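By written order: A, B, C, D and E. Residues from 1 in each chain.
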Amino acid sequence: MSSVREPGRKTRSLRVEALARVEGEGGLSIKIRDGKVTEALLRIFEPPRFFEAFLRGRQYTEAPDLTARICGICPVAYQMSAVHAMEAACGQGVPPEIRSLRRLLYCGEWIESHVLHVAMLHAPDFLGYESALHMARDHPEVVTKSLALKKAGNAIVTRVGGREIHPVNVRVGGFYRAPSKAELAPLVPALQEGRGHAQELLDLVAGFTFPDFEADTEFVALRHPTDYPLNEGRIVSSRGLDIPVSDYESHFAEEHVRHSNALHSRLKGRGHYFVGPLARYSLNFDRLPGSIQDAARKAGLGPVCRNPFRSIVVRMVETLWAIDEALRILASYEPPEPSSVPVPPRAATGSACTEAPRGILYHRYRIAADGTIEDARIVPPTSQNLATIEDDLKAFVAKRLDLPSEALGWQCEQAVRNYDPCISCATHFLTVTVDRD
Amino acid sequence: METAPPGIRYVLGDPGLPRLIEAVRGAGYRVAGPKVRDGALCYEELDPAEALPRGIRDEQGPGRYRLKSGHDASLFAQAVGPQSWKRYLSPPEQRLFVARKDGSGLRIEPEAADASRWAFVGVRPCDLAAIRLRDKVFLDGASADPAYRAVRKGILVVAVQCTAPAGTCFCLSMGTGPRAAGGFDLLLTEIGEGGPLLVEAGTSEGEAILRTVPRSEAAPGDLAEAERRMERAERSMGRSLETAGLAELLLRRSESPRWEEIAGRCLACGNCTMACPTCFCTTVEDISDLTGSTAERWRRWDSCFTLAFSYIHGGSVRRAVPARYRQWMTHKLATWTAQFGESGCVGCGRCITWCPAGIDLTEEARALREADGAAPSPRT
Amino acid sequence: METLEPLLAEHPFVRGMNQSQIETIAGCASNARFETGQYLFREGEEANQFYILRKGRIAIEAASPTRDPIVIHTYGDGEILGWSWLVPPYRWRFSGKALELTRVLMLDGKCLRGKCERDHDLGYELLKRFADILASRLDAARLQLIDMYDKGGRR
Amino acid sequence: MTLAAPEAGKGAAAAPPPARDPMSPTPWRVCRAFRETDDTFTLELIPEPGREVRPFAAGQFNMLYLPGIGEVPISISGDPAYPHTLVHTTRAVGAVTKKMAAIRRGDSVGVRGPFGTAWPVESSEGSDVVFVAGGIGLAPLRPALTQLLSRRERYGRVVLLYGARTPEDILFRKTLREWRADFDLEIHVTVDRATRDWRGNVGVVTSLIPRVPFEPGHTVAMICGPEVMIRYTVMELERRGVGPDRIHVSLERNMKCAVGFCGHCQLGPHFVCKDGPVFPYEKVAALLNQREV
Amino acid sequence: MGERKKPTLAVFKFASCDGCQLSLLDCEDELLAVAAEVEIANFLEASRAVAKGPYDLTLVEGSITTPHDAERIHQIRRVSKTLVAIGACATAGGVQALRNTGDVSDFAKIVYASPQYIETLGKSTPIVDHVFVDFELRGCPVRKEQLVGLLGAWLNGRALEVSSASVCLECKRRGTPCVMVAAGTPCLGPVTHAGCGALCPSFRRGCYGCFGPMESPNTASLAAVWTSLGATGPDLVRAFRSFNAGAEPFRRESEVHEQR
C-alpha cells in the first residue's frame, strides 16, 4: 500500500496494490482532494478470457463444463445457470428429484464458499489477523472447526459432482449418474456435526464489532414462491422490481462509466443495485424456516440488513440454512431414475438466473436447431456489484479521512471484502488495461 | 486346498444357488459374485439378500461389450466381464507397510493381512487357470508374496463351466475351458434356463458345504444335458489361437513390421494389461506425511505400456509403442512359458473386448504367422 | 646386419602371412628406443613409419594453443601404432610421446608403400590388418564420444 | 545377532535362499558413510541388535530404502565373508541416492535382500579370470575380486581392467593400491578423458583387452558397467577367443520388488532381479543386441 | 522455543479461474499442517501478509495472456528457487488458449463493446513457454491430493511420482467398466494424462481430457474409434479443443479434423 501526499495541494492518493483474500486479483485506488473523496476505483488486473466468444460454435451441452471454468470458486453456480438456461431454451423442465439433487449440490457450494469467505477471508479482518492461518495460532478451534465445516460442504459437491472444483456430473437435463444413497449417506453425519460448528461460528461473528455503516442501495435477488432462492424464481428488488428472468436484459444494462474502463451493471433508469447475501436475505427473510429466522434474530439481525459489514453474519445464517436444506434433501433422497431427462435442442433463446453465493448469476444463450451455441451472455454477481462497491467505498472513506493511511487502507480492504468480490468471474467481461505501477 | 476324490454330481433345484451361497456364507465367507453395474457384469461383494442377476446375456467383440437382459432366467449364460478375480487376490492398490521414524531409528510395520475369507461365486474355467498362473508368480517361486498368500489361502472357489462363450473367447485354444479341470472347491454347470444346476465338489471343503444343502443325485439325463451344453460351448468359441510353435514364432518375428502397424492402432493406454486376469505387474509409490516422520509404501497395478515401466536412470528402455506392444504380447504368449512353464494367456478374451481400439490378440498372432510364411490358419 | 624377422614373426600382426611376406616387411623394419618424454613423431610431420610396441607406453596427443597437449589415447605392449603412413597426405594427425622407456620395431612406411605397389598381395594383406586397426580406433573413439559413464551408468 | 552360516561349495551363481517376507525392509544402521568421488559414496551398514544377518554372495544386490523417499537396488560391494557389515557404493543420480549421499553415521536405512544371482567366483577356479569394470560397475565386482583374492592360489592369471570417465572418477583407489601391492593381480586402469596430471592409460576400457595376457581358452570374464560398454567388451573378448559361455555380465533394469513379482525388470524371458543381475552372456546375448527389449 | 527456519511458499496467479490455488485452501485436512511446515510468504488469496522473495517453492497458476504478465513471470522466476506450474492454464494455456485458433480481436469484439481497450496477447501460452519450470502438475483443476503430494515430496526431498500414463489405468484400477466399450460413449481417457482418478467414467461419462495429453497419445487412433462410435469431424475438433486446447498433441489432432 502506498500513500502519496502531493505538496501544496490537499490531495491524497491511496493505493492498495493487491487486494488479499479475495478471489482473483485486483487493486484499489482512492483519490482524495480537498477533503473530498473524488475517486474510489477497484482496479482489476485479471486479464480477459473471452468466454462468451469461445462459447459460440460449441454444443449447448458443453456450456456447463465450459462456463464452470470462469470461476473456480463457484463453478456449480455457473453450471446451474448454464443448464437452466439451456433447458429454458429447449423448453424442457426437470423432474423434482433432479431439482432436489441440484439444490443439494448448490447447498454444498454455498456452504463451502460462505465458510471460506467467513472464516478464511473475512473473519481475520475483525479479529486483526493477516490471514486465517495467522488466526489459527490464537484461535485454533475456530479455524479447525471452520475447515471441518467447509469440508462438509465440499464433500457434498464431491459426492454429487465428482470433485470440489469444476464438478463433472452436471449435465443439461440432470446428472450423468445419480449418486446412490450409500454414496451420499456419509454426508449426513458430517453435516450434522458441521451444523454445530456453523452455529458456533455464527455466534462468534455475531459478536464482532461492526462499523456503523449503511447504504440505501437497491437490493436485487431471486424470489421463489415457497423456497429460499437457489436455482429459480423471479427477479425482485427492494424497490418493487418483480420480473421474470427472461426480462432481465430489458431492465438491466451494462454501461461505461467515466472513471473506469470496466463495464458496470445498472438497473436501467435506476442506477446501481446490489446483489448477494444481504439482498437475498433481506428480500427473502420470510422464505427462511422459523428455526433459521430465530437464529438470525439471535445473531442480532432483523429481517432486513443493510450494513455490508454484517454480511459476514448473514453468510453464516445462510450457511445454517444451506446445511438444513441439504440435510432435508438427504433425508428423503432417492436417486432420480433416470438421472437425466432428454433435452433435445431447438432453435431458441433461453436465459436463467441462479443465486450464486455472491448473488444472482445470469446466463443467456441463443442456440441453433442442432444445438450449436450462436450467442452467449453471462453476467456474474461481482460485475453487478462493482459500481455499488465503489460508491460505498467513497461514502465509507469520507467518514474516515482523519485516519492514517495505513489504517485507512486496511479498512478499505476490509470494506471491499464485505462484498466477497470474485474478480476471476468479473474479468470475463471487464475491459481491462493492466495498471500495476 | 485339499482335493476330494472325483465327486458324485448332484443337481440343485431352483432356489438351490441361494441356498448354496447361504451355506458358503455360513462357513465364514464373504461372497463375491457377478453383479450388473454400469452396463457390465462386475465381480462384487453380494449382500445376503442379493440374488445373482438372471437372464443376462453378453455380446462381446473387439472393443465392444453389451449386456442384454430378459432372455430367460439363466444365471450364467454369459462369458467373463471386464473385471477378473485379480481384484481380490492382488488388489489394484495395496499398502505394503508403514515406516515410522523415531529419533534416528526406523520401525517398519508390514501391513496386516485382511482377515476376510472370500468365496468367489461364478469363476469361469479361464479364470481358474488365471488363478493358477498367479499362484505360480506369487507363491511357487523362491519367494512368496505375503499379501497374496494371505488372501489366496482363504478363498473358496465356486466355479461354473461356460455354456455360452462370447465372441472374444478362445479358451478352447488355450486348453483352459470351457470345461473346468480343477482348481475349484465347487463346480456348477447350468443345465436349464434358470432351472437346475449340476454341482460337484472339487475339495473336501466344497464337499462339506455341499452336504449341507438340499440336492439330489444327478440323473443320466442331467449329465447328458451338461455334456451337450459343453460340446455346444466348444463349438461356439468366438475366437481361436493357433498355439503350436507360437512362442518361437513371436520370438522369431521380434523385428516384424507388424509391430509398427499395430502401434498405429494401439493407444498404449494399458487397458489390455489391466483387464488381463494374469497380468501381474505392479509398481510402488513411497509417500510420507509432510514432516516425513511417517511413511508408507503402496503397491499399484502397473502396465508394461507405460514409459515409466521400463525406466532406468537416463531414460526408458521401451520408448516406442511397437516395443511396448511387442513386450506385452511376447511376454504373454512366449516368454511366459520360459518363466512359468505355460502360456500366460488363458483365452478369456478380455484384452480383445476391452481394448478401446479393438486390437485382437488372436488376429495379430495370425497376421504374424502369415507374414512368417506359415500357412494361414483357418478362422472359426 | 641382424635381421628383425624373428622378432616380427612372433607378433600377431603378421599372423597368417607367408614367410616371404614377413621377410619383405622385416626388410623395412628397424629397432628403436625412446626415452621417457621423447616424441616418436609430431603432429603435422611427414608420416613415414609405423610402430610395433615391444615394451613401453606411448601417448597420442593433440596440441592445444591454451593448455597442455590433450592425451587422446595411450598404447601399450604389443600394440600397433600409426596408420598415417598409409593414407595421403602421409602426415601425422597427432603426436606420439613415450610415457616411459619404450622399445619399438619401427617400420618404414615409404619402403612398404613401394613394396606394396609392386606386390599387391602383400599390399592387400597389410591393408586388411590396418583396416582392422582403423576400425578399432573408430570404435574406441565412438565409445569415448558416447560418454557412457555419464548417463545411464549403473548404480 | 544370529549369523547364518554361509553356504559353501556351491557352483556358479549360487545364491542364498530369499527372505521370508521379501516385501518389507529391515532397518540397518549406518556405521560409516563417506564420499568416494565427486558423485559416488559408500555406506557401511550394521544390523540392529538381535537382527538376523543373511549371507550374501558376490554380485548380489540389496534394495535400500529411505522412508518416504524411495527405494533403490544397489549392489553389495563389501566382502561376502563379512555379511554383518553391508557395504554399498553407489552414485548419487536420483532423488533417493542423492538423499542417501547425505546420510550420516547412526542413521537408519531399510534393507531388503540380498537378491539376485552371483558372480561365478567358485566355478572359475582353475581358470584365468578377467574382470572388466566400467564406472560405478567396479562396485558390484569388488566382492568377487575380494573373494577370489582370498583364495588367489586357486586361479590362473587374474586381470582387472577398469575404465572410468576421468581420473577423478576412479573408485576404490585405496583398495586398488592394496590389491596391486599385495596380490598377484594385474590391474589396468584407463580413463576416457585424461586430466593434466594423469599419467596412466587413456582410452576406453575395451582397448585394454587386446594387450593383457590371459589364455582365452581358459579364461572366465566378468563384466560390469554400462550396457554399451558390456556389448563392446564382449566383442573384444570374443575377438581374443573367449567363448560366450565363459563370459558373465551384470545387467541393470528397472527394479521395484526384486523378487519377480512386479515385472518391471523383464529382459525377454528373464527377470533381471531374480534370474540376474549376473547372467552368463550366452543367455542374454541376443536380447542385448535387440532394440527396446 | 527456537523456531527453525521454515521453507517459504509463494503462490502466483496469471490468467485463470482461481480454482487451482483454491485447491490448496480445499485441503481442509492438511492446510494447518502445511502452514506448520512452510512459511506462506505470498498467497494473496489466503493472506494479506506478503513477504519478499526469494521463495523456496513457488506455485504458479494461470497462463500468460498479456505483455505485462509475460514480464511478470520472469520476475517471479528470478525470485523462485523451485517453480511449479499448476493446472491446465499454467501447463497448456488453459481454456483461454481457445483464442489461439483464431484472431483474438474477433473474440474481443464479441465480448467487449470497446475492444480497442483490450490489451492482450494473441495467444494464451503455458508458463514453460516463458521460463524454466521445475515441475508441472496437470489438471483443470489440479487434484488437491497431488498438490499435497507435491508439498510432501518437496519438503522431504522425494521425487514426486506423477504417472503420465493414460486415465485408463486409473479407471481400471477403480473398477469402472469402460464407458466406450460397454456403452459406446466417446471418451478421451486413452489419450489423457492420468491424475484425476478417472472421475468422469465413474460418473458414466467420457473423459473430456482436462489433464491434457498423456505421455504417448495416439490421438489419431482414438479419433478413428470415436468416428466408429458416431462422432463427427466437428465433434472431434471440439473434443480436442477444450481445457488443454493449447497442448500440442491435442492441437494437432483438432486441426486434422478441422481441415476435413
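The rule we apply is simple: a residue touches a chain if its C-beta (ideal position, glycine included) is under 8 Å from a C-beta of that chain, and two chains touch if they have at least 3 such contacts.
Note that the structure is a prediction, hence the values are computed from the model and not measured.
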Legend entry - chain D and chain A - chains in contact with each: E
Legend entry - Shortest walk length in steps over touching chains, chain B through to chain D: 1
Legend entry - Remotest chain, chain E as reference, centres from CA atoms: C
Inset, instruction - Could you see whether A-E or D-E has the larger number of C-beta contact pairs? - result: A-E
Inset, instruction - Could you find the chain whose CA centre sits the greatest distance from that of chain D? - result: A
Legend entry - Geometric centre: closest chain by C-alpha means: E
Inset, instruction - Could you please state the distance in Å, as a whole number, between where the Cα atoms of chain C are centred and where those of chain D are centred? - result: 35
Legend entry - Between chain B and chain C, centroid-to-centroid distance (C-alpha), Å: 65
Inset, instruction - Provide the C-alpha centroid distance between chain C and chain E, rounded to the nearest whole angstrom. - result: 61
Legend entry - Centre distance in Å when chain A and chain B are each reduced to the mean of their C-alpha atoms: 51
Legend entry - Shared-contact residues (touching 2 or more other chains) in chain A: none
Legend entry - chain D: positions in contact with at least two other chains: 68-70, 93-94, 252
Inset, instruction - Can you tell me which residues of chain C touch two or more of the remaining chains? - result: 152-153, 155
Legend entry - Contact footprint of chain E on chain D as seen in their complex: 68-70, 94-96, 98-99
Legend entry - Contact footprint of chain D on chain C as seen in their complex: 57, 59, 67-68, 70-74, 76-79, 99, 136, 139-140, 143-144, 146-150, 152-155
Legend entry - Touch list for chain D against partner chain C, complex: 72-75, 90-91, 93, 97, 134-137, 140, 163-165, 169, 190, 192-194, 196, 198-204, 206-207, 210-211, 224-229, 232, 250, 252
Inset, instruction - Give every residue of chain E touching chain D within the complex, in rising order. - result: 152, 156-159
Legend entry - Footprint of chain D on chain B - complex, ascending: 96-97, 99-101, 104-108, 110, 137-138, 141-147, 251, 254-255, 280-284, 286-289, 292, 294-295, 297, 302, 304, 309-313, 317-320, 323, 327, 331, 334-335, 338-339
